[in-house]
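One structure is given below, represented as structure tokens, and several questions about it will come after.
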């Protein structure tokens, strides 16, 4: 099982802050994961509609759409950061 | 009469911090003034020997060797500044 | 060594700088940057959400990067989270070094990277009851890109 | 508005910054630069001589120039004179503005110009009883030249 974490408006649009999912072995990259997640609910679809506004961290390291998934324990999905 | 002020090692080498002098009308630029002052004493000559290390302010505004003297009330002579 | 801290409450910039300089007489320059909540027309509060498991690790990585680029620099980063009111301080970056150029450069680097590499998100609350998430700024990405 | 002050005694950077930010909620960034006496091997004190009639006028001119270049910046410059010991603060520059880029730029500009345009001279006293006047640094002239 992989823990999915959502932050900021991604969290609000999806409607939950975390979920635990068994990722199909067919998902090999971050882009594959986002495509698959978008099918889970209208909220997921809305949150992930514009991929340019989405950032992903795999096991707490920033990832790109091309990043390989291997066997992640924790994947976070969020908007571009705005701290500081 | 014009007030001459000396600062830092220029002051120490000349041996006084101020003097009041009647400048000859033949002195038309700051460079002329430095040539003339250098003749006043061995201390003046030593302080003004290396003109690259000398800075001048005429009536409290930075000047160059080419600056015209007009009728200054106060001329300060000092090394490059090192504050801050 | 650039220390990091994450906390909901306020910080004392003067005490932090005094602690950093204590017993040191090799430091000729100290730069303290404070980021504050601006009250743009009608803004009543800002809430900083963050990604707890990743935030400190990312702040540490940013601090290490600055220490590697400017070995003579010591400093600290303190970042707040939670709900903050206009005028309150959000972030403190202090850098100190023998000469001023390194302290200025490291402080700007730390802020540019914190803005673009640390997992914080700001939500604005407005007087009319609405709220919105702050959009990332292109100018922050440009600022961070100059250190590439 | 960038206020200036010249004094022999110490300053309280935190109080100065608090006064600058008081009642302002349009300022998102504050930069405080402190210049300190470094104790290079065997240095026991630094004495800052200055040109009283010209110093404040020149500090004022530098402050006006910064205010003209960065109209949104408020701040202060406090410069000490007289005899200072290792670790003591010599100069404080604080700048605050809506966004951080202007505050950082104005603070660096003010320091670069103070170093090259304000009539101060530093004399070093050494443990062996000798003393010498600090030479102007080419790096300070280079730093000032970038604002030309």
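As written, the chain order gives the labels A, B, C and D, with residue 1 at the start of each chain.
The rule we apply is simple: a contact is a pair of C-beta atoms (placed from the backbone, for glycine too) under 8 Å apart; a residue touches a chain by one contact, two chains touch by 3 or more.
What you are looking at is a predicted structure, and each value in this text was computed from that prediction instead of being measured.
Note: the chain lying farthest from chain D is A, by mean C-alpha position. Note: centroid distance chain A to chain C, computed from Cα atoms, is 27 Å. Measuring from the averaged C-alpha position of chain A to that of chain D gives a distance of 49 Å.
Remark: chain A and chain B have CA centroids separated by 72 Å (rounded to whole angstrom).
Counting partners per residue, chain B has no residue that reaches two or more other chains. Contact of a single residue of chain D with at least two other chains is seen at positions 35, 111. Those chain pairs judged to touch are A-C, B-D, C-D. On the side of chain A, the complex with chain C involves touching residues 5, 7-9, 57, 60, 62, 74, 76, 78-84.
Every residue of chain C that touches chain D in the complex is listed here, in rising order: 12-14, 17, 21, 24-39, 86-87, 98-101, 103-104, 107-108, 111, 139, 143. Considering their complex, residues 35, 48-51, 53-54, 57, 79, 90-91, 111, 114-123, 133-137, 140 of chain D touch chain B.
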